[in-house]
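Two complexes come next, and they have one chain in common, chain A, joined by chain B in the first and chain C in the second.
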Partner chain A sequence: MTTTSWRMLAVTGAVTAGVLTLAAARWAVGREQRVFALRTAATTAAYLSIVTPPARGGGTPGEYDLPRLLVAVRALEALSGWTPEVEVYRGTAPLVHATAPPLAPEEFERLRRLETVRWQRGAALAPLKDRDDWDVVGAVKVRVPARAGAPGWLTVVVLLVTLGAGFATVRAIRRTTYDVRRSLLAYTIAALALGCSAYWDIRSAAKAGTDRWLSDTRLLLQEAAARLPGAASRVRLAELARLARGAELVEADSAGVAPVRRTDGGQPRAAVAARLGPGRWVELRTLPAEALAGRWLALLVGVALLGPAATWLAVWGVRAAARPQRLRETVTAWGFLAPAVLHLAVFSFGPICFALYLSVHRWGLIEPGRPFVGLANFTAVARDPLVWTSVRNTLVYALYVPVTMAIALGVAVVLNRHSGVVRLARTAFFLPYVSSVVAIALMWQWMFHADFGVLNYLLSFVGLGPVDWLGSPKTALLAVMLMSVWVQVGYQMVVFLAGLQGIPQAYLDAARVDGANAWQRFWRVTFPLLKPVTLFVLVTGVIGSFQVFTYIYVLTDGGPLHATDVIVYRIYQTAWEFLQFGTASALSLVLFLILFGVTWVQFRLLGKRVEYV
Partner chain B sequence: MVTVLAVTMIAPFLYMVSTSFMDEFEVLRYPPALLPGRPLPGNYGAALTALPFGRFFLNSAIFAGFVVAGQVLTSAMAAYAFARLRFPGRDRVFLAVLSVLMVPVIVLLIPRFLIINALGWVDSYAGLISTEVVSVWGIFLLRQFFLTLPRDLEDAARLDGAGEWTIFRRVVLPLSKPALATLAVFAFVDQWKSFLWPLIATRSVEMQVVEVGIASFHGIYYTNWPYQMAAAVTAMVPLVVVFFVAQRYFIQGIQLTGLK
Partner chain C sequence: MASVSLHRLTKTFDAGRPALQDFSLDVRDGEFVVLLGPSGCGKTTALRCIAGLEEPTAGEILIGEREVTHVPPAERDVAMVFQNYALYPHLTVHENIAFALEMRRVPKADCARRVTAMAARLGLAELLDRRPAQLSGGQRQRVALGRAIVRDPAVFLFDEPLSNLDAKLRLELRAELLALHRALGATMIYVTHDQVEAMTMGQRIAILHEGRLRQLGAPGEIYERPADVFVARFVGSPGMNILTGSGTGEGGRVMQCGSLALPVADAAGVFPTQLGLRPEHVGVGAVGEGVGEALVEVVEPLGSETLVHLDAGGQALVARLPGMADVRVGDRVGVRVDTRRLHLFDAAGVRLG
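What follows is the complex of A and B.
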């Protein structure tokens, strides 16, 4: 393709992305308004069927008293603060505006058949049931203003800026100069802003919809309480609850009449207070629509970024056209990478993002509701005393790593001279490291046995009493650490030996000539030169020790009395025994942070580069 | 000193084997017996038929086999791209891949479980294997190895008109057999030893791997030490065999990279 056609592609991409973003936002805003209208239509129909008394003097059972229905409908318009554009039909005849066109007979038939709220020709239509809740005798229609769904002025401005940035970038694409990076970056940022701004429009529409429904329903509740026969203080909530389908209605104290947002037990809630009578208040609570608007953000940002993506493709295409060899190599390379990279995207990078998402949601395996809970999972983790116990135990357990390293390094230094012997015995040192973890745990459990264990038998020779290794909270963690030292020491020794072989003998000889004794030679020459290996063993060892699980699961189940409860065991229980995946994910991220900090400290303390002078 | 250490390392294993031949009540006495009065090889038969150990071994073999094959193949391909091919953003992509090593496995485990749960793969080989078939460590190891290979042979093949895939398959892979073997051996041992993922990714007894199997055996026969030791010894046999056969690859792995 020529440069011009690449540019055409970029321009088309930029314009399409802008138009699509706006269209998607408009559709979503319209959807939020439709949701509001449908809800209001259903609520109004329920209100009318509550407040209208039955027809006097027989007639069809369940028939409304028509004049009273007319009064109730007209009174809606007189309510101060009532916003929706409502039309009520008795049969197909309009009641509010007598001159309005009647409801089409086939629409009415459809309502009778389906008995559910539906969207028809730009208006929400709810069936009006008779008093017995048996037959559909009319309809309530709520219209959405025609201008609905227009983008906010900010979005329009951002759209213009984005298109400008896009065109500027396209102009900068040339065959010879490739420095479009900066304008491409500006364009990407503008596109991001466009996505966010369009999302904000949707969110505001959702919020406004919830607010309007709450305040309109509040008016209807108060009106219904006033119209129902009997004193307002005795109206039963169950009767009013039909108005508030899909929401909760509870007795409450007096409160402000404007809708408020809050979190109830981890669930976001929008609420408004309504006064039913003297001293009697109820609260109407519902899930705010904007809490569900989050899913639009990813979509809108994705669509908005199509423009920069097309431009990026064009930049790359123009470059590649100049060097076909390079293009072929790039395609080949990605072919080689594809299996690994796709897998990592699905099973590593995806899960990392998913873990972040989980940690701010309540997530069970069975319950369908998985609401956003903010930092509640993290505060739950921080307030759980068992978590603190497990963190302490993990930190104590990790101390086995430096202890093992001291032993392994000491032995390695002594053995360095006799490498022939070591090669023979290396198999023995390595065996624990390559053995089945559970088998080793079982083996040690048998040796730790309080009554018949061989360890207590050996201790008795030096006059120490029997120790209940795994049964006592005082020694259980120590026992697990002891076993871990045994498992790791041989492997670490082999690593240290490999490092020691890399130290030139000449340095040690020079030190000896200068009169340094063995102790000084070790601390002044060997140890500094071995630092990279030491750091490696320490960092990987500590990382491993923070994730210990199998030994604990097999040996102690975290007990006795949580004496060996470690972080990963806590995560395992939280997730797969208590099925609180959100909290478990939060705890795992805390572990990540702790580990990150600990590793960073180790690099700071030991990580200074050592040069062979 | 070497002898003392070697004995410390070996003795528990010998004691485990010895206990596995003892009578159930012979072990419950003090001072503990070091050798069985009368060896009971029947312990093995009894312990291994108490739970479907044959199935456990088959499951472990399938799990480890597929994962090793997958890791060697995907790591070699990715490592070849990182070591030999030039493309924009190569080093950044490599760093991004390596960054996965920083994340503790448990962080990934919860979302991975939820993903295979959503796919309906819990308690199946697909779920068990799919998450493990790519190893970042393997990519790193093989890339380092490929960088040490001389380019002459590849250039000669390229002059003869060979494509990258042919060069990879005919030139690079045959030259890298030791490195591939090292990766395969480490991957096999890692998977055979892995416990937490098989524990959560499987539910039924028929799908358990050996490690999870002997852990549940331990839960059932927790007072019968000879049986437990017999099961533990059996579980270790494949690893010990692999270790003795492939010992030089372990040492190579450590000496080549200073890693793992």
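What follows is the complex of A and C.
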């Protein structure tokens, strides 16, 4: 492709991304408004069926008193603060605006059949059931204002800026100067802002929808209480509950009339107070729609970033065209990388991203709402004393790594030669590492046994014990560490052996001629040259020790008295026993950060490279 | 300073043919001896035995008057420069040079002084804080030398120290090494498979082949009186022509080698079956001249001289002619020979006379 066609591609990408973002946002905003209309239609229908008395003098059972129905509908329109545009049908005939077109018979049929509120021809249509809640006798239609879904002015401005940045970047793409990094960065930031701004529109619409529904329903509640026979103070909540489908209605104290947001037991709530009569207040609570708008953010940002992505592709293409050899190499390299990348993406990055998502949500297996809770999970983690216990235990447990390393290095030095016995010994040392973890744990459980265990048997010879290895909080962690040393020594020894064999003999010969004895040769030559290997063993060992779980799970279950409660065990319990996946994810992120920090420090301290000559 | 004596040294590795066999060598105090031989002949093994890095299977080693066959390297007072220098990669140049001194518990101040002096002497003063990976090949070589010299050992062992350097640098360092030898007056044993190096540097050269000592002598002696066919072929470039044939004429005083009839003096009563002839002692002329005729097979004009490969009735020989000789491939030529320069060998390849 030529430079021009690459630039065309970038422009197309930029425009498409902008338009798509806007379209997606518009659709989502419209959806929020439709949700509002559907709810309102259902509420209004419920309201009408509560307040309209039955037809006088026989007729079909459950039939409404039509004039009273008409009055009730008219009264709605006159209600101050009532915003929806409502039409009520008796059968298919419009009741209020007689000249309005009737309902199509098949639409009405569908309503009768399905008995649920539906979206039809740009309006929400709720079935109006008879007094007995038996048959559908009419419908309530709620329209969405015509300008629904228009983007906010800020979004429009950001869109223009983004497009401008996109075009500027594309202009900068030339055959000779590829360096568009800065303008591409600006463009990317603008696109991010566009995604966020569009998300904000959706969120606002969702919030507005919830607020409107709360205010409108509040009016209906008050109106219904006034119209129902008997004193308002005695209206039963159960009767009104039909108005509040998908929401809670509870007795409450007097309060302001504006909807408020708050959290109830971790769940975000939108609430409004309604005054049913003198001294009689109820509160209407519902899940705020904006709590669920979070998923749009990822989508919108993703779509908005398509523009920078296309531009980046164009830059790459132009550059590759100038150096075809490089292009071929890049394509080949990615070809080889693809399986690994795919695997990583699906099984590593995917779960990591999901954990990130979970960590800022309240996410239980059985709770229906899984709202965004910000950093609440992290505060919960920090406040949990058990978490701190587990962190301390994990740190203590990690001490087994340097101990193992010292043993493994010693063994490796001794076994670093060729002979039959040595080979046998190496295999023996390595065996535990390749054995089933559970089998090993069970075996050690026996060896640790207070009464029949071989360890106590041996101790009895020197007049010690018996020690209740796994049963006492003082020794349980030590016991697990002992076993870990035994398992890991073989593996570390093999790695050290490989490292030892990688050290050219010439250095050791030189040291011998230089007069170094075996001790000096080891500490002055072998050990420094082994540093990369040591670092590798240390880092992987510490990471592994922070992730210890199986031994604990099999041997001690974190006990006794949380003496062996480690971080991963805590994560496990939080997730699968307490079913708090959000908190568990937060804790695993904390573990990730700890590991990241530990590894970084280790690399800084030990990581100076050694170059062989 | 010390002499080095190897007495009937044999070294056999786990499998196969001995790497050294009955190897005896006396290196005088302050002498520069070169061990020369083809790849795999046991030069490194001999050197490592002297250093104490290998234990000989049989025989003994003396350094000075002391028997050191089973003494560890640290106590032999030898220094060795390895083929790949073996500079400690994790230490700076300064630390590399100081390493041996530290191992010998030389006081810190003294140690630093000696290292600095050594660095100045070898032109390494600027490089003291670098690591080996940051040095050029020549600089590494100098550091390796410095590391050996700073200890002031009785014996220096060099294992092909120049083989990794380019030709110009090699020439330079060769001269430097010789100057160093003169200045230190130390005993040096130098391993190489480059005969130019051996000829120019060695006071005496020991030629090894398949673990055995074939000849020990001054460079001129080795060249002019090779002890056997192997040495004759190995030394010189190209090596000596070896012709085989049988005696004819009265009392076998003429040897018929292919199409060449060569007069030989009867050496010590044993009749030679192999004749040696250095290429520079072979000439060409018109057919009919000289000791017989031969076919020109290959001509290699080298500018200052021309190598002409001849086939004399199945016997291959090379003539080295001065300047650009006027011969062509396929020519038939007469072969002239300086018969006084014939080397005579018996059937086993041992020199006669």
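In this section, the second predicted complex is superposed on the first by the 409 of 613 C-alpha atoms of A that agree within 3 Å, B and C clash if a C-alpha of one lies under 4 Å from a C-alpha of the other, contacts with A are read in each partner's own complex, and residues count from 1 in each chain.
Note that in this section a residue touches a chain if its C-beta (ideal position, glycine included) is under 8 Å from a C-beta of that chain, and two chains touch if they have at least 3 such contacts.
For clarity, every value in this text was computed on a predicted model and none was experimentally measured.
Colleague: Looking only at contacts as defined up top, I'd like to know whether chain B or chain C touches more of chain A.
Modeller: Counted on chain A, the partner with more touching residues turns out to be B.
Colleague: Mind working out whether A:Ser585 is in touch with chain B, chain C, both or neither, as first, second, both or neither?
Modeller: First partner only, chain B.
Colleague: Mind working out whether A:Ala510 is in touch with chain B, chain C, both or neither, as first, second, both or neither?
Modeller: A:Ala510: touches chain C, not chain B.
Colleague: Scan A:Val161 for contacts with chain B and chain C and give back first, second, both or neither.
Modeller: Neither partner.
Colleague: Kindly classify A:Ala575 by the partners it touches after superposition: chain B alone (first), chain C alone (second), both, or neither?
Modeller: Touch partner of A:Ala575: chain B, not chain C.
Colleague: Quick one: classify A:Arg524 as touching chain B (first), chain C (second), both or neither.
Modeller: second
Colleague: After the superposition on A, what does A:Ala321 contact: first (chain B), second (chain C), both or neither?
Modeller: Neither: A:Ala321 stays clear of chain B and chain C.
Colleague: Who does A:Cys196 touch here: chain B (first), chain C (second), both, or neither?
Modeller: neither
Colleague: Touching chain B in one complex and chain C in the other: list those residues of chain A.
Modeller: No residue sits in both footprints.
Colleague: List the residues on chain A that touch chain B in their complex, please.
Modeller: By the definition above, chain A touches chain B via 316, 326, 329-330, 332-334, 336-337, 339-341, 343-344, 346-352, 354-355, 358, 363, 365, 411, 414-415, 418, 421-422, 425-432, 434-439, 442-444, 446-447, 449, 451-454, 457, 486, 490, 494-495, 498-499, 532-533, 536, 540, 543, 546-547, 549-550, 553-554, 568, 571-572, 575-576, 581, 584-585, 588-589, 591-592, 595-596.
Colleague: Please output the residues of chain C touching chain A within their complex, sorted ascending.
Modeller: 48, 51-53, 72-74, 78-80, 82, 84-90, 99-100, 103-104, 131-133, 140, 147, 151
Colleague: How about chain A: which of its residues touch chain C in the complex?
Modeller: 504, 506-507, 509-517, 520, 524-525, 528-529, 531, 610-613
Colleague: Quick check: in the complex, which residue numbers of chain B touch chain A?
Modeller: 1-3, 5-6, 8-10, 12-13, 15-16, 19, 27-32, 34, 73-75, 77-78, 80-82, 85-88, 90, 93, 97, 100, 102-115, 117, 130-131, 133-134, 136, 139, 164-165, 168, 189, 192-193, 195-196, 199-200, 210-212, 214-215, 218, 225, 228-229, 231-233, 235-236, 239-240, 242-244, 247, 250-251, 254-255, 258-259
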